[in-house]
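Each of the next two complexes has chain A plus one more chain, namely chain B in the first and chain C in the second.
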Partner chain A sequence: MSKNIKLMQGNEACIEAALMVGMRFYAGYPITPSTELAELSAEKLPYYGGKFIQMEDEIAGIAAAIGGSLAGLKSMTATSGPGFSLKQENIGYAMIAEVPLVIVNVQRGGPSTGLPTSPAQGDIMQAKWGTHGDHPVIALSPESVPETFELTIRAFNLAEKYRTPVMLLTDEIVGHMREKIEIPAIEEIEIFNRLKPIEGKEYLPYKIEEGDIVPRMASYGEGYRYHVTGLFHDETGFPSNSSENAELMLNHLMSKVEDNLDDIITYEEYMIEDAEFLIVAYGSTSRTARSAVKILRQEGIKVGMFRPITIWPSPEKRLREISKNIKNILVAEMNLGQYVYEIQRIVKSNSEVYHIGRANGEVLMPSEIVTKVKEVL
Partner chain B sequence: MSSTLISNYFREANLPHIWCPGCSNGIVTRALVKAIDELGLDKNKVTVVSGIGCSSRAPGYLDFNTLHTTHGRALAFATGLKLANPDLEVIVITGDGDVSAIGGNHLIHAARRNINITTIVFNNNIYGMTGGQYSPTTPTHALGTTAPHGNIDKPFDITQLAAAAGATYAARTTSYHVNQLIKYIKKGIENKGFSLIEAASICPTYYGRKNKSGSAVKMMEFLRDNYIDIKAYDKLPDDKKIGKETMGEFKEITLPEYTDEYLRLIENLKGAEK
Partner chain C sequence: MNSHVEIRLSGSGGQGLLLAGVILAEAAIFDNKNAIQSQSYGPEARGGASKAEVIISDEQIDFPKVISPDLVLALTQIASDKYSKTVNQQGILIVDDSIELDGNYNYGRVIKVPIIKTAAEKVGRSIVANIVAVGLIAELTQMISRENIEKAVLSRVPKGTEDLNRKALMEGYLLAQSVL
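For the complex of A and B:
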């Protein structure tokens, strides 16, 4: 069979992958630079027997997507900037109710309406802390079109496996640029579908079966007649006010992610074997950082790059290990300093942590990173 | 009769309910269950979705697929469920604040789409759950904990709002007129499109106490004596209309239903190039 090679936009690759992994429900509200995700879903889903609906706002978009998921369809919503702010309350709902869902945020300049058509990485902390209360977060950040494809598949698989909303944090550059991509055959794609109740066994909607990570999930209408709420609830799904139960539930929500970090976390290490200086970058900024590494290496400076692909939970263990041999770390990101605090927290006193960033809609240039590295040295 | 309704449709382990003595939420919930029973709906397909509020706690007591969502958003969640699986019989339970303040936008758009969802509004003219603040249906001059000097807002007519926004069935009655309420709910469920049934309700604990409306019985008598069928109301001389409220069927028409239209769209694309 000949290879299926295409030239595609990041947003296009996202929907292509979503359809292949089985997304059959999309609900959202248009906003630049994520709009293509809605447009392509509207165009393509009906051919797969899937459903698209343009809701009245982003709050309704995620609400309907949660409904779609409870009805048994792999569901997605996508947005940017202001829309991501609007979705926050229901992101928390999906987390506490353990509803699988993929939320794409094609980041643009903020705050507020900000810079609608410019890239940014300013929602990194919002992705982690945007919804109120303590909660587990899985967020992935692709640097290219092919990786957008790959991580969209992963996002759906993680959402289904861990019964939690998974965020795909791209940005205006990755979403809109065109690159060559090889679309794998469907047989080559690993697809995870949520586990269904064990037939013949009594079903408690939030009970975790022996050997499972999360409760098994029945679809509404299948005959299980269970209750889902955003209140703290026990195994029965019904609300419970007891602090013992709340603690148990929160422990479960957090540990289903924290106990499976090796499965959830991926990262890339670039020229770090002999590196004395490390650049940490993610998403489209890592492309700039990679160029900077090449330039600096030509000048004989021993620099490497560490790129978290899973942004949340952060690749803490590996980065701390690497940092033992690194004197200086430069975090490059398109914001005024967000992920840098996470890196500082991780490496503690192992390395000095510096930051280069900007939030005016202009991307960082390799030369700027080169200059900053030399300044530090 | 009542006891079989309870054993057949209620989650008895979750009873007694949390509502105050004299609250009409139980009456409206029972009317819904009675309507479902009389229509002989398949319990496994019935899906009851609610927002947040005293009234929105009702689904927890009902033995159907039930979803207790976020404040105001029940109709948006319900829209997703219904579109994803049109075989579900989707019913939304909501309060006046839930559906016409924070959820007002979702109400008008669900109505506009004419999606086959039946919405039952428990309208007690107040925010019960949070302790008696004024809602978009609190009458002008009435008192609430956030209207200690009298409400200066003008109230919504939720039934007429839904009718104007595109609902194909819109009716109002009260929690006193139970048989009529059951009849309207049945008609709403049978209507293939967006239906809204408003049940004028009472909150003796907050609305009643703040406004010196008297006992729960007195408040029920108020519903009995002051709600008049729209046709009779229209014939009244103006001076007799003062202080009266309208009830009855405000809209009953047939229009294409949203999920039907979507399924048709899928059907039409079959065999076409992706």
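For the complex of A and C:
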């Protein structure tokens, strides 16, 4: 069989993957540089028996997507910085109500409407802490068009498996650039669908069946009647104000992610075997970093790269282990210092942590990372 | 040309340079090479100085943006003033013959040919100047097979315009041969 090789934009690859993994509802409000995600969903979903709706604003966009998911469809919403800010309240709602959902944020320059057509990685901490209260976050960050495809599949699977919103944090570069991609056959794709109630058994919407990680999910319209709320609730889904229940529930929300880190976290290690210096980079910046590693290696400098692919939860265990043999770490990101704090927290006194970053809409150049590494050495 | 070629296509918004970049990248992929196409753009859709960039390589492409172009195309004076000098010393600068270059040449090889006029007069529509440019670049650089250039053009242009674009491509080849 001939390979299905295409030249595709990151945003196109995202929708291609979403449709293959079973996304059948998209609700959102178009915003540069994520607009292609809405356009392509509008164009393609009807051919798959799915629905697209453009809502009146960003808040309604995520709200409708939550509704679509509760009605049984794998749902997506997409946005960029300003819209991501607006969606925060409902992200928290989806977390406490345990609604599977994929939120794509094609990052652009901020704060506010900022730089609409320029890349940034400025929403890293907002992804983690943008919605209030304690909550687990799963956020994935692709560095290429093929990886956008791969991680979109993964985002849906993780959302369905752990009943939680999953964020795909891409950026203007990865979203808009066109690159070679081989689209796999549908049989080659692993697809996870949410577990449905056990037939004939009494259904409590937030009760976890033995051996399960999360409660089984009935779709609205299938005959089950239940309540969904942003308040802490008990197994029936109705609000409960008891602190004992709140603690139990919050423990469940946190532990469904924290107990499954090995399943959720992925990362890439590049030339780290003999590395004395480590560059940490994610998303499109890791391409700059990889290029810098190659240049530095040619000059005999023993440098490697660690690339978190799952950025939240962070690959803490592995990075701490590596850092024991590393004197200096340089975190490269398109912001003025965000993930660097997480890296400092992780490596503690094992390594000195430095930062290189910028938030003026310009990408970091390989030569800048090369210079910075030499400065530190 | 080298195994790693960086191309910058510049002109005015609306001249179809993004499409030209997409076609070159796609043709390279059909030729089993790696390619990345990217652009920088402002909020405006027409006018201004627009540029599209393509990297074609036999190797894996890490950094996705053009650093030192081996080939720069400029179709308008504004674009030329802004980007002509970015071509590297060993590179090729291709400009439309309507453009005046300042005498202080530091560019590589300069090729000044009537791209827009060829599209308007020989092909019959100035709108296909971008495809004339694709033919010109493909023939000059010999990076990509003619077969795959044509395949990429035909896969990306609107239905019903195939003959027009095929003709534009041919005229681009001829322009290249006139300066080789």
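In this text, the second predicted complex is superposed on the first by the 377 of 377 C-alpha atoms of A that agree within 3 Å, B and C clash if a C-alpha of one lies under 4 Å from a C-alpha of the other, contacts with A are read in each partner's own complex, and residues count from 1 in each chain.
As a working rule, contacts are C-beta pairs under 8 Å (C-beta built on N, C-alpha and C of every residue); 3 or more make two chains touch, one makes a residue touch a chain.
Values in this document were obtained by computation on a predicted structure and should not be read as measured data.
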Just chain B (first), just chain C (second), both, or neither: which does A:85 touch? neither
So, A:260: does it touch chain B (first), chain C (second), both, or neither? neither
A:240 in the overlay: touching chain B, chain C, both, or neither? Say first, second, both or neither. neither
For A:291, select first, second, both or neither according to whether it touches chain B, chain C, the two together, or no partner. second
Given the superposition on chain A, which partner contacts more residues in chain A: chain B or chain C? B
So, A:350: does it touch chain B (first), chain C (second), both, or neither? neither
Determine, under the contact definition given at the top, whether A:47 touches first (chain B), second (chain C), both, or neither. first
Should A:328 be classified as contacting the first partner (chain B), the second (chain C), both, or neither? neither
Quick one: which bits of chain B touch chain A in the complex? Just the residue numbers, please. 11, 14, 43-45, 47, 49, 59-60, 63-70, 73, 76-85, 87-88, 105-106, 109, 262, 265-266, 269, 272, 274
Over in the complex, which chain A residues touch chain C? Could you list them? 5-7, 116-117, 173, 176-180, 284, 287-288, 290-291, 294, 363, 365-366
In the complex, chain A touches chain B at residues 24-25, 27, 44, 46-47, 49, 51, 53, 55-57, 59-60, 63-73, 75, 89-90, 93, 219-231, 238-239
Listed in rising order, the residues of chain C that touch chain A in the complex are 22, 25-26, 29, 34-43, 61-65, 67
